[in-house]
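Both complexes below contain chain A, partnered by chain B and then by chain C.
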Partner chain A sequence: MTVRTVVTGVAVAAPNGLGTEDYWKAVLAGQNGISELVRFDATGYPSRLAGQILDFEAKDHIPSRLLPQTDVSTRYAIAAAGWALEDAAVGPDTLPDYDMGVSLSTAQGGFEFTHQEFQKLWSKGPEYVSVYESFAWFYAVNTGQVSIRNAMRGPGIALVGEQAGGLDVVGHARRVIRRGTRLVVSGGVDSALDPWGYTSQLSGGLVSTVDDPARAYLPFDRAASGHVPGEGGAVLVLEDAGSARDRGAPKVWGEIAGYAATFDPRPGSGLPPGLRRAAELALADAGLEPGDIDVVFADAAGSTAGDRAEADAIREVFGPRGVAVTAPKASIGRLCAGGGPVDLATALLSIRDGVVPATAHTSDVPEEYGIDLVTGEPRTLAVRAALVLGRGRWGFNSAVVVTAG
Partner chain B sequence: MNRRVVITGIGVRAPGGSGVKAFWDLLTAGRTATRRISHFDASPFRSRIAGEVDFDAPAEGFSPREIRRMDRATQFAVACTRDAVADSGLDMSALDPHRIGVSLGSAVASATSLENEYLVMSDAGKDWLVDPGYLSPHMADYLSPGIMPAEVAWTVGAQGPVTMVSDGCTSGLDSVGYAVQLIREGTVDTVVAGASDTPISPIVVACFDAIKATTPRNDDPEHASRPFDGSRTGFVLAEGAAMFVLEEYGAAVARGAEIYAEVTGYATRCNAYHMTGLKKDGREMAEAIRVALDEARLDPTGIDYVNAHGSGTKQNDRHETAAFKRSLGDHAYRVPVSSIKSMVGHSLGAIGSIEIAASLLAIKHNVVPPTANLHTPDPECDLDYVPLTAREQRVDTVLSVGSGFGGFQSAIVLRRPEGVSA
Partner chain C sequence: MATMEIDDLRRILVACAGEDDGIDLTGEIEDSTFQELGYDSLALMESAARITQEYGVVLPDEAVSDAATPRTVLAAVNSMVTAAA
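Then we have the complex of A and B:
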């Protein structure tokens, strides 16, 4: 019999809310986390908006000795992992150390930290580079730090797959649990809002140049003009269902019931993209039919081409207006590896409270998209199963099915 | 479903010569390929030695656009991918693209390109507020390097799961371990897996200078990487890549493929101790080895060769020696253990895959590569490290291990499949 993987802890660090409940209140209230950059003076930059976390005082959330050695993204990861484990009532001694693993994604690494070190190197010299740079920068940093902080000595991994990587690590965590590890901390966090990191994100040509924080990121809207980069993410505690029951886990948020990943054919090949197939494979993996899904959390590229391709995939799987679709990331921006995990957390909150948050700001969805996008106000809806989609630049497609369990 | 996974193709770009043959010649001759850094002026740095690859992108068949678009590490990965596929004899275009995956390891990904672009955008480090007018169209891909596995996927036409495994210095073992799981569980039948890193760049050199992890033995580059020797003073940074074709066993046999080895066991553990430090007892690496052997249903005495991490830092070589004793018992004293980092240096995330390549060739040729530069073993490193000279012996089963920043400890077991003659 296949082991079931359940979610026993959830934590969100998002631009419109720090902590799961604050985030959820903000999302339901349509509170916008997108604002003008405050990290630096972006006058003269082609875009000046970001989904920024403005109320995170690092020393309130992580030990002060970790401050000199961590990028802001790692601080979010350590803090969120701590909150998720608290939510799951898991301490370092709850399970044997080898029974707890870590599977986290970051696609940008400790970028602001490394920007500072690049500047020290090139403006002052090698001897000024931090002794922490060797590990504060690389993509494995959050997995290592979370493992150390929580005495987790089971399998650890860091996956990079841009916006899809945050779902891939959850799919992998489920694989690790099926292979016998009882608990895995999973999810993703990113932040690259220093001048170099932010500017680098502009180079893809996918970031909106609209100045109005309520109009810059309008997924599935006729006026879609690109996305807004954001920071933050979410961390989940995943457990073998039987093990969670045996240890008396205080709650089960839901089940990670299905997962699949695909990759698009080479650009220009004329072959169909892989998102539809990822969705269908994830449903099959969960043993569900399209009709069993109550809501789809869209990847929501925010570009006309990207939105159209996703609408096509959703329509082909579920039929025209066949399922509720939403993109709460419209009010926080695209968080790279953090985006998928925030959507998973949101899906679990929707399951808990029977309400689907709206896609903030979007109002004019082209008829030909044929999707039932939740706009305006949250929609009251009993949610038993949700499909979460994530795409990464160049063709990554990942899909996760979460159910009430 | 418990499907078996075999490796049928290898591509390597390592210091000391391009391709599998040059790589194996170097290793079996016990020659070293570490030298003074030539990629940039390293005079301000503490460690000025590296294992550099003489890589000629146009001669490798890369077009001007590909050279502009792909970071050096991506070029290495793609070149190795082409070689591995050719070596496997597999016609990838005849396969269902949905049943092909990619698992690429890298620790620092596009670090070299990041630094090149940084210098332009910041005006050589002068400006914190970088100038967007100097933004390269490829910069987003250096920041978030999904393009690296994407390029590999396009090279072979893969449309199954594609990912980058970035576990620091165990990336090259873990990317293959990840691929094995994809095939075993039935998600795909073929995975192109391996790892690439090209970290010989000022910022990376400075990172390791800062913590004195790399050797300052600048006056003697060829003898600077000295794993297990009492005089070792740190590792030698290197670049390189290795890629493999992994297939489901039945499919490989059915098409009459030459099989290098079956991956019979893999495990990874975290030490949850320190981002760069290692405990002396080797407990977590020993556990990874124990679990990998268990999965391979192998007694320690069944191991013919241990391909060590052997980085040449004081702490690593003792940690690892302790882990071998802890996991292999008395057999640790009998089995040959060697570190090819003595010859090709430590290419961070890539080296795990390069070491898998060496392990596969050890099985193919029944030769154990030596540990070069090992003249006076550290008294705390008292195993048979195959000093200086390669050893001809029967090699059916290899254990290869890795250890990395972040606390990652990984182990993989490779075994000559039955029916394949030695």
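Then we have the complex of A and C:
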């Protein structure tokens, strides 16, 4: 019999809420985490908005020894991992160190830290560059720091896959558990809101230039104009269901029941995009039919082409207006590797509380999309199973099915 | 160039590498090894670079190994500072 992978701990660090419950309250209240950049003066930039975490005081959450060696994104990862393990009641002695692994995703690395070191390099010289730059920039650093800090010597991986990577890494963590590791800390965070990181995101050409925080990121709206970059993410504690029961895990949030990833065909091939196939394969992996899914957490590109393609995929799998669809990321922006894990956490909260949050600012969904988007107010809905979708630029598609377990 | 005192070294260590939650750096630390004080080789490399910037002396690698102590570092720095004067 296949090992079941359950979620026993959840932690969110999002622009509209630090910590799972603060985030959840903010999302249900429609509190907007998108605001004008305060990290630097963005006057003159074509876009000036971001989903920023404004209430994270690093020294309150990160040991002094780690402060000089960590980028802001790594600090979010370390803090969120700590909260998730606390939620799961896992300490260093709960399981043998080799039975605990770390699978985290990041797509951007340590932009802000590296920007500071570049400034030293160019203004003062190479001898002023921090020795910690050697790893603080690096995609694997979050996995490494979390593994060291929590004495987790089981399999460790860093997965980079733009906005889809945060789902892929959870799929990978499930494989690690099936191969015999009892517990894996998984999820992802990103942050690149220093001038260099932000400019890099703008140069992708998909960021909205609308400067009203309530109108810039309108997924599935007729007025969709692109997205707003955000920072943060979520960390989940995943466990072998039997092992979680044996150790007396205080709660089970739900089960990672299905996962699949596909690539889009080569542009110009005339073949359909791969998102629908990812959704269908994830459902099949979970042993579920479309009718078993209560809500879809959409990737929500926020561009007309991207939204239309996703609406097509959802409609083709579930039928016209066949399932509730939502995009809570409308109130925090697109978090790159953090986006999928935050959606997974939100899906688990929807399962727990029987309510689906709204897509914050969207109001005018084209009829031909044929999707039942939750807008305005949260929708009371018993949720037993949710499908979470993610797309990375240049054709990554990933889908995860979470169930009440 | 000024000589280096123990408080200067404390300040540089904390600025470059933070301080271990379980260790009191304000106490008598002169003869503790850097390993005992919670500093690894990277922390010491970073601190040695800062010492070079502030005092104009380049410490040999063995002077800042994790088996070294604040006393030996201060002696090495100050002997070079004095020799350069």
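Definition applied: the second predicted complex is superposed on the first by the 405 of 405 C-alpha atoms of A that agree within 3 Å, B and C clash if a C-alpha of one lies under 4 Å from a C-alpha of the other, contacts with A are read in each partner's own complex, and residues count from 1 in each chain.
Operating definition for what follows: a residue touches a chain if its C-beta (ideal position, glycine included) is under 8 Å from a C-beta of that chain, and two chains touch if they have at least 3 such contacts.
Predicted model, so just to flag it, every value in this text is computed and none were measured.
Once chain A of one complex is fitted onto chain A of the other, the partner contacts of A:Trp394 are limited to chain B, with no touch recorded for chain C. In the superposition on chain A, A:Ser130 contacts both chain B and chain C.
In the superposition on chain A, contact of A:Tyr98 is made with chain B only, not with chain C.
For chain A, the partner with contacts to more residues, out of chain B and chain C, is B. Look at A:Phe40: by the touch rule set out above, it reaches chain B but stays clear of chain C.
By the touch criterion defined above, A:Ser200 lies against chain B but remains apart from chain C after alignment on the C-alpha atoms of chain A. In the superposed model, A:Glu162 makes contact with chain B only, not with chain C. By the touch criterion defined above, A:Gly274 lies against chain B but remains apart from chain C after alignment on the C-alpha atoms of chain A. Judged by the document's definition of touching, chain A residues 69, 130-131, 134 lie at the interface with chain B and also at the interface with chain C. Taken in their complex, chain C has these residues touching chain A: 14-21, 38, 42-43, 45-46, 49, 52-53. Interface of chain B with chain A (complex): residues 44-46, 97-98, 102, 107-109, 115, 117-119, 121-122, 124-126, 128-130, 132, 135-147, 149-150, 153-154, 157-168, 171, 174, 178, 181, 185, 187, 202-203, 205-211, 213, 267-276, 284, 287, 404-408. Chain A makes touch with chain C in their complex at residues 63-69, 127-128, 130-132, 134. Residues of chain A touching chain B in their complex: 40-41, 44-46, 69, 97-98, 101-102, 107-108, 111, 114-115, 117-119, 121-123, 125-126, 129-131, 133-135, 137-141, 143-145, 147-148, 150-162, 165, 168, 172, 175, 179, 192, 195-197, 199-205, 260-266, 274, 277, 336, 392-396.
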